[in-house]
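I'd like to ask you about the structure that follows.
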Amino acid sequence: MRRLSSTDTAPEAEATPEAPRDDLREGLLARLREELGDAVVDSHIRPGDDLWVRVTREAWVDAAVVAKDKLHCTFFDFLSGLDWLPSPYGRDMDSQEDLLVHGAPEKEPAPMVSGYAGGDTRFQVFCRFYAPTKGYGITFKADLPDDDLSVRTLVPVFAGANWHERECAEMFGFTFVGHPQPWHLYLPTGFEGFPLRKDFPLLARRLKPWPGIVDVEPMPGEDEGDGDGEGGEG
Amino acid sequence: MILAELLDLDPAYWTTTVIKILVMALVVPTTALILGIVFLFKMMSWMQSRVGPQEAGPKGLLQLLADGVKFMQKEDIVPDRADRFVFKMAPMVVLVSTFLLFVILPAAPDAVVADLPTGVYFALAISSVSVIGVLMAGWASANKYALMGGVRAAGQLIAYELPMVLAVVGVVIQAGTLNMNGIVAAQNSFHLFGWEVLNVPFIVTQLPMFFVFMAATQAELTQPPFDMPVAESELVSGYTVEYSGFRFLLFFLAEFATAFAFAGIAATLFLGGYALPFVDIEQYADLYWFLGPAVLFGKIMLISFLIFWVRFTYPRFREDQLQRIAWKFLIPISLVWLAVTAIAKVVW
Amino acid sequence: MTAPTESQQLAYIAQQAADSRVNLEFETDEGMTLNIGPQHPATHGTLRIVAKLDGEQVISCEPSPGYMHRGYEKLAEVRTYTQVNTLVNRIDWLGSFANEVPFILAAEKLMEIEAPPRAQHIRAILFELSRIANIALFLGDLGAQLGGVTAVFYAFRDREFVLNQIESVTGGRFHPNFDRIGGLKDDLPKGWIAETKAAMEKLRDFCDELETLLIGNEIFQLRTRGVGVIPPEVALSYGLSGANLRGSGVDWDLRRDACPPGLPYDKIDWKVWTHPDCDSFSRSWVRLQEVRESTFIVDQLLDSIPAGPVMAKVPRIIKVPEGEAYVETENPLGAMGYYVVSKGDLVPFRVKIRSASFSNVSIVPWVCRGVYVPDVITILASLYFILGDIDR
């Protein structure tokens, strides 16, 4: 049986945490930098696991082409958006658990922090390609400036991007330039607002407060962080 | 006639007609009930390892009656944009063709509603009338699924009319008559190779025709594997999609009664009808008044079992595939066997 | 965006729900437009497929999902990790436990913990059981879609054995909600291993039965062979996964090729089935073989369950450290992954759910062009989607 224990990727690399270096993904990153030049803005590698690459918005399609043609990433995994704005509504639940952890409902929004491979803008579009024959995936990110949330479509490169981009467009309000079917996928025609943006209120929570969680009260005499090894909760 | 003699009656024309109508009105729904309960409910559930209806009546035997009552109570819905008159008439047309099919089916030498000299062809002609009803239903429903189902049904029924006719022609050539009673009598007195011990029905000599006839029957009944017109997972029951309540019940009744009638025709043409081998019709004419219906019923149930066995087992053909089967497979077979039959008839 | 007031939003949503004429883009004048769904037996729920027909032939067709969208990605942002687990159960409702696994693994990856070996084994067993429960129903449903109603009853009958086993461990037949960060909620009940082995025997019989009744049936082969051909490059670029990809001849199974840590598939000897024909038949055939292979995997896993706890030491209130993780596993419907972004809070900051059916169904417009209407049903049935997996 072929590659039963997938020796070239995850398990081996994780078995040696003292050497957090991943030659495979370093090589991929070097290749990407070579092909795309300055368009690779930032990157992040979690050894033995994954590779994040942030490219400029202009190089979005080029990055996909390079990944597909040069790096064997022929499998289109997914495409979606990220909104790094901390939710102005908090968690929408003033539950017992919140009170337990925070002491009081937290209303002050936290500063905006981007994730792996950084980011300068509130919105990012991100997608992931996978190389079925090689066993690695690459996650690409691109910053979208607030005044122009548009990026070129990936449909000519990966036909499967069609639905993912439509979903992303209606949920985040991005524009995918050149998309063959630029209308809503899930939402009704004419729906206002972009539900997955952090400032879109979760109406159910606004109308009826979360009833709260009653079964996570700490046991008497038990410190936080002391799992008992029998069950997670309850 | 024996009954008339027994009762010392010489009934008038209108009396016999009324009696015949009453008998038909009783027989046709009963046959549909029997097939529905025995095969659709009981046999199907045993084949599919489940129990089937249990509650209504002993062992759920009255389930279909209960369903019928339920259908009667339902609102008679006619779609807004439907052609109301045609929509309402369509199930009647289908049911009329079903009723007329029973007319020529002999259950004993004299127990037949209309002993037509061209009985077989009357049956085949009448069975085509249901196509009109189906088309009416499909068109008048103002529903795309119904329309597609109706058109598919029309194409299929017409395509399978031909192999069915050819299959019947084989029997007709061998029997030398178009009359149903004549065909039964011919089988009753038929000896293969002239040997007395081989008093066999026509299925032995017309075996390929029997298969062609059964395949065509299956298609005429729009049952799997030929149920493309009603394909419930695809056309959502095709031309019956907009029907509910009483009118749907009529379609249901027509479907199962037609199955019974076709099984009866097949039993008559190929299995010797109401007659048993070695039990001469003319000699035991009185006995056949009681034996005939029972024998015919047994044979019909046997053939119905085949029809429903296939129905519950096979997936369905695609529309073009079933047309291909009719034109490229069934018709050549029946033509070849027709030639064989004709030559054999001339030689013997 | 200036957020409208709540009452405005609510009124708007109510109006949209009342307006049945949504997605007007699909209604055009050319040809006959046939709406397959949203209420149609072939759509496994409420998928709507708008097909433009020329007679019986499909000129173009366009699926229009969203009639059952539940907004799990949004809901996940206000729920704790354990609560999200309950949500994701409802994505692919026929193999619910399989939905939990990648999410829990992603959370475990962020927390850098791993479940004890016994928990990993039981997790894999339940994972395979839900695969069997899911695909067994697919095989039956395939028969129903093609007109052979008997197969679906056989499927329901034998799927019951698997559901009973899942129920006796988790307490839930449909939505186990059993997986926890760091292990499992409970250990196996007594006598479960022997019962499951007996159930696996029955499932193998079921596979043999369906192989003769359905997959080997001449009419079935007539209907499916050469229908809905998807070449491997197209399948990959559309992101098809699972049996749909292996039915196109791509030898790729995440369980074997990229098994995430936390599932013991590398300790088992099994085979990944592929079929080179790329048509509806090959997809169905691969799925049948997969069920059978899964029963063998379960047998091997049952034989090699290690002793020990089923829960690692995790804090009672789980706060996942900051970071991003993507874990993808080979689910019954295909590759299913969760991209979890954590900000070190009780709740995930963002969960992107990559569900298999979403990508699998997006190929429908490509593959259904020019086929006959009955073939649309065959292709949809062989692509095998669950509506909850499209409308997350």
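Order as written gives the chain letters A, B and C; numbering starts at 1 within each chain.
Here, a residue touches a chain if its C-beta (ideal position, glycine included) is under 8 Å from a C-beta of that chain, and two chains touch if they have at least 3 such contacts.
This one's a predicted model, so the numbers in the text were calculated from it and none came from an experiment.
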By label order, what chains touch chain A and chain C together? none
Which chain has its C-alpha centroid at the greatest distance from the C-alpha centroid of chain C? B
I'd like the most central chain, judged by C-alpha centroids against the all-protein C-alpha centroid. C
Could you put a whole-Å number on the gap between the CA centroids of chain A and chain C? 21
Please compute the C-alpha centroid of chain A, do the same for chain B, then give the distance between them in whole Å. 64
Provide the C-alpha centroid distance between chain B and chain C, rounded to the nearest whole angstrom. 45
Of all residues in chain C, which are in touch with two or more distinct other chains? none
Residue numbers of chain C touching chain B in their complex, please. 32, 34-35, 40-42, 56, 143-150, 153-154, 157, 213-214, 217, 219-220, 222-223, 372-375, 377
Taking the complex as given, what residues does chain C use to touch chain A? 1, 3-4, 6, 9-10, 12-13, 16, 19, 22-25, 62, 64-66, 69, 71, 73-75, 77-78, 80, 82-83, 109, 180-183, 185-186, 233-234, 236-241, 250-252, 256-261, 266, 269-271, 309, 311-319, 323-326, 328, 335, 337, 339, 341, 343, 345-347, 350, 352, 354, 358-359, 362-363, 366, 391
Could you list, by residue number, the parts of chain A that touch chain C in their complex? 1-6, 9-11, 14, 49-50, 52, 74-78, 80, 82-83, 86-87, 91-93, 97-98, 100-101, 110, 113, 115-116, 128, 130, 132-133, 135, 137, 139, 157-160, 162-164, 171, 173, 181, 183-203, 205-207, 210, 213, 216, 218, 222, 224-234
In the complex, the residues of chain B that touch chain C are 47-50, 144-145, 148, 224-225, 227-228, 231-234, 236, 312-321
